[in-house]
Amino acid sequence: MPLVLMSLELIEIFRWAYGLLAELGLPPVWVMLISYGVIGVLMFGVLALLALFLVWWERKVAGHVQQRFGPMRNGWHGWYQTIADAIKLLQKEDVDIIARDKFVFFWAPVLCFVAAFLAYICIPFGKDLIVADLNIGILYIMAVTTFTVIALLMAGWGSNNKYALFGGMRSAAQAISYEVPMVASILTVIIYAGSLSMVDIVQSQNSFFGWFICRMPFGPIAFVTYIIAATAEANRAPFDIPEAEQELVAGFNIEYSGMKFAMFFLAEFINLFTVSAIAVTLFLGGWEGPWLPSWLWFLLKTLGIVFLLMMFRWTYPRLRVDQLMEFAWKFLVPVTFANLILAATMKYLGWYW
Amino acid sequence: MSEYLSVLIFIAVGTGIVLFTFLIARLIRPRNPYPEKGVAYECAEEPIGDSWIKFNPHFYIFALIFVIFDVEVVFLFPWAVAFGQLGLFALVEMVIFILILFFGLYYAWKRGVLKWV
Amino acid sequence: MGKLRTEEFQVNMGPQHPSTHGVCRLLLTMDGEKVVDVVPHVGYLHRSIEKICENRTYAMCIPVLDRFEYVTAMSCNYVFALAAEKLAEMEVPERAEYLRVIMLELNRIASHLIFYGTTAMDVGALTPFLYGLRERELIVDLFEMTCGQRLTYNYIRVGGVSRDIPKEFVPKCREAVKIIGEKLSDYEGILNENPIWIARMKGIGLTDPQKAIAWGVSGPVLRAAGVKHDLRKDDPYSIYNKFDFDVAIRWNGDCYDRYLVRLDEIRQSLKIITQALDGLPEGDVRAKVKAKFKPPAGEVYVRIENSRGEMGVHLVSDGSTKPLRVKTRGGSFNQLQYLPEIVRGKGYLIADLVAIFATFDIILPEVDR
Amino acid sequence: MTRDELKAYIESNFVGRMTLLESGKVEPMYEIKADDLIEVATKLRDDLELKFDFLCNMGGVDTRERLEVIYNIASTSKLHRLDFKVILGYDSPAVESICPVWPGANWYEREMYELYGIDILNHNDLRPLLLPEDWDQGHPMRKDWDAPDFVRMPEL
Amino acid sequence: MGLIKKVPVYTENIPGGALVATSLEQVLNFGRAKSLWYLLFGTACCAIELMCTGASRYDFDRLGMIYRATPRQADLILTAGTITKKMAPRLRKLYDQMAEPRYVIAMGGCTINGGPFYYDSYSVEKGIDHIIPVDIYIPGCPPRPESLMEGCIHLQEVIRKQKLSDWQEK
């Protein structure tokens, strides 16, 4: 079995298919289009499965933290619970809200999903298992995931509902505030990796002590600040003020039902996986690891981070919106930039492994 | 550049898939609109007034600070990539650059701009 | 920065809102995220309990009054029974008094556990909610064992209690007391020192003791503001003067103190229950009450210390089998009245309002009746 | 103060303004004239011996012969309690608002206004409190009140 | 679009079409039944029991039922507690704002016919079926969590028996 798993390398299939298409005499652009299109659809399938799994897992984690079981009645420990949810959401009516802004209301979930989806172009799932190794990889991911904010703001504005507007405004403010410390923590890694490409970043931490989290003392600081900022970026508790149930009922998605709501839901869990995957790539050595196939290492590490974020959600109270902003600007931003200067100085002096 | 084509294709594929699921949902979902159903939900009450309101201008100040810092970050990215080859000069320069920005942040902090609403 | 005028607008919070604990409607006037003014609108649960009681015999009033404050239905039973007994100048057997105290205190703990859970939930910690309710189940089991109901008990009757406790009750109760006492430290461990919790609760919703008294605020909300006012000590009813317990008190009057006062009260209640179980005498549990209970004409106001403050009944009898007037008073009524006073113009955010509302522990049936 | 001390004190200090009634079973129950209400209430609150700073409860009563407004007051520092009432007739019953004395009376008065139809003079806000906004069936707590969908319990 | 409603009509002449229609029906019904998200709506005593049912000992989530705070995403209203005349229009509004398919469980005596507040009450709505259509009635004052869960399981069975042809559409 492990042999089979190890030979499963997407890039090989891709190369083979690419060669086949090229032999058929299609123009190269068409070959690119078709192959990337197929990969895109495949990626969607993987992400949808992943999101279904994550939703189920979240409910199980919540259940067990709260001394109950979570879904139990649909299959073994409720494993097809989220499939039932998906089928349900598919046939849920899409309510025509009279006062909404039709265009903005419609495109917000689409943009939200696409923004989350785009990040997966350059996330290295394993050795050679990456859609396109863009040379500005991490910068690109930062750029596209920020579109989610615009989508949430659109959702808040387009719904013409005060609670939704609050949610949208809050999410925008939160995302722009935590963007800065997040990028600053990422920069500490980039100084050492010397490249923005995700593959290069992983390859520059090729042993356990080469992982950036093990680079004393700035590595752990950068990791912790990144995790905090990432939790906020992914709108997870204790930073889930855009959809704070007890304050804003459901926040920006208050007027969405059916498939449109499902897209927000999906995007939320995809984003959760994205930020965890970035954390793994930047700080925990990406796919590096002995014995097991690289993609499995990547998956295990990422799910570990996801689990951490889930535990945050089910243990901490929620921050208030002003405390959240002050925390970002008055604590995280100074700390991350000081850490950045520290890391640069140590790099210059050569005091590092 | 061919790698960047993948971004465009992914945008198309992503949008296409979402619209496709919307279409499927449209085919199988019930549809029964009536005026009461479309009223904005505000905790089971009739909403008071329009919700497209003038929001607190404080909000934009956060956005402004963010823009400043984001521009800084854009400068920092190439610096960080090339840092290994640049040496002391680049380090000192960037420290000064960051410090100047922090004076700005400190100023904003003291003026009480960093308070949400 | 100069003052820039922004548009104030109104938002409805409730009647169906996760954090209004029922069907309260708060009409908020907002300036951005700031709450400028709050106007409570109540009556969505006005079930005319007082009118119904006027058309029922005394025994039939008690199940209706169960629904007056269902979180502590024992108190509602008790306060009415006490008023009727005062009117009829009736003596209650000692065992019945002990049982009443045990039930009242168990119910107080159950109510505070719900408070603990819902407050944590309103502040955004979802897990303590389930922990609070988990321990509440132990108490609910005890009640079920005693009177067969989980929520609306109809246990404390005029002249005593409806039936004696089963013999397994005492050991089970001791066990529950022990478990809750242990879990209480867990609860405190989860939230008390949590920096986010402290940041959300400390210094929020300050109550002024003098004003609070003038507005009729009572119970834990008043005690958290530094007023040592507990009817179990100040105006002792039943046999509370036999027990040794302290009045939980804090001095700042903010949300955090209100939360701590309630946790301390759980501890004191456990102490009372232990003493009551130790001293539980044998004997009858109900005085002889005639089938057609007719207290002489007259009127009386009795009040007890409920988990939400002073609970009272003004009972007017005209000498017939039915009361002429049952005027109930619940702590939440005055506290909800007082809420706008402490929110108005203080610049609290909507999240603070939720925390204040939660720590006032307002439940709507007590307001609406 | 104990109950008897309280009775004696009030007898000597509120001559003719508070009449002791028989009906009070536990605490003394007094009657106060409607015109005199605010003055007596203020005095009850501010008197250093009495210090009745806490309004426990108030509400209307319909005894089938007359309307009454009962007030239950207590002192949080002196720990004694007292009841008094204002007796009103059925035609245009009205009572002065005691919100200036005990602000907590506000909602009790609003409730009394809509349930009993007792008019509250000088009250700042008499919007309906408990009944629906579009209620037009009178004052339901009156004994003679009736409505089409009001089902009386059959006598057992 | 309502195309789905006509699927049985289209497929009945195709060989094996009825099989397609019924299996589609089963899949869709399965989704609806197993994922009942209920609206967080509690007015009175029953709300406490509803809370208990969601909590550790009884655990509503086992049935795949989680709460949503907004009616747009909810499939089910559990009317936990007395509905008064003042609340009735709001309940109707909540029901109206729910996206279809939507279900109602009348929980407790008060919502079935007024319960203990049937006689002598001037402000209690005597049964919510005057206001909204009810699928399942659960008696009790308040019903125990077990009976509430039983009611929900019954509702799931009812949903599993729905037909494509009587898809709610007016």
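For clarity, chains are labelled A, B, C, D and E in written order, and residue numbers in each chain start from 1.
The criterion applied here is as follows: contacts are C-beta pairs under 8 Å (C-beta built on N, C-alpha and C of every residue); 3 or more make two chains touch, one makes a residue touch a chain.
Quick caveat: nothing in here was measured; it's all calculated off a predicted structure.
Here the chain-to-chain distance from chain A to chain B, counted in touching steps, is 1. Counting C-beta pairs in contact, the pair that comes out ahead of the other among D-E and A-E is A-E. Using mean Cα coordinates as chain centres, the one most removed from chain A is D. Annotation: 39 Å between the Cα-based centres of chain B and chain E. Measuring from the averaged C-alpha position of chain A to that of chain C gives a distance of 45 Å. We define each chain's centre as the mean of its Cα atoms; on that basis chain C and chain D are separated by 24 Å. Each of residues 9, 11, 15-18, 33, 43, 46, 48, 51, 54-56, 130-131, 134, 349 in chain C touches at least two other chains. Under the contact definition stated at the top, the residues of chain A that touch 2 or more other chains are 62, 66-68, 90-95, 162-163, 245, 249, 254-255, 258, 321-322. Annotation for chain D: residues 130-132, 140, 152-153 touch two or more other chains. According to the touch criterion at the top of this document, the contacting chain pairs are A-B, A-C, A-E, B-C, B-E, C-D, C-E, D-E.
Touching chain B in their complex are the following residues of chain E: 1-4, 28, 70-72, 90-91, 93-94, 96-97, 100-101, 167-170.
Residues 85-86, 118-123, 126 of chain E are the ones that touch chain D when the two sit in their complex. Chain C contributes residues 1, 4, 6-7, 9-17, 25, 31-34, 349 to its touches with chain B in the complex. Those residues of chain B that touch chain A in the shared complex are 2-7, 9-15, 17-19, 21-22, 24-26, 28-33, 35, 37-43, 47, 50-53, 55, 59, 62-63, 65-66, 69-70, 73, 76-77, 80-84, 87-88, 91, 94-95, 98, 102, 105, 109, 114-117. Those residues of chain E whose C-beta lies close enough to touch chain C in the complex are 39-45, 47-49, 51-52, 55-57, 69, 81-82, 84, 86-87, 90, 94, 116-117, 119-124, 141-142, 144.
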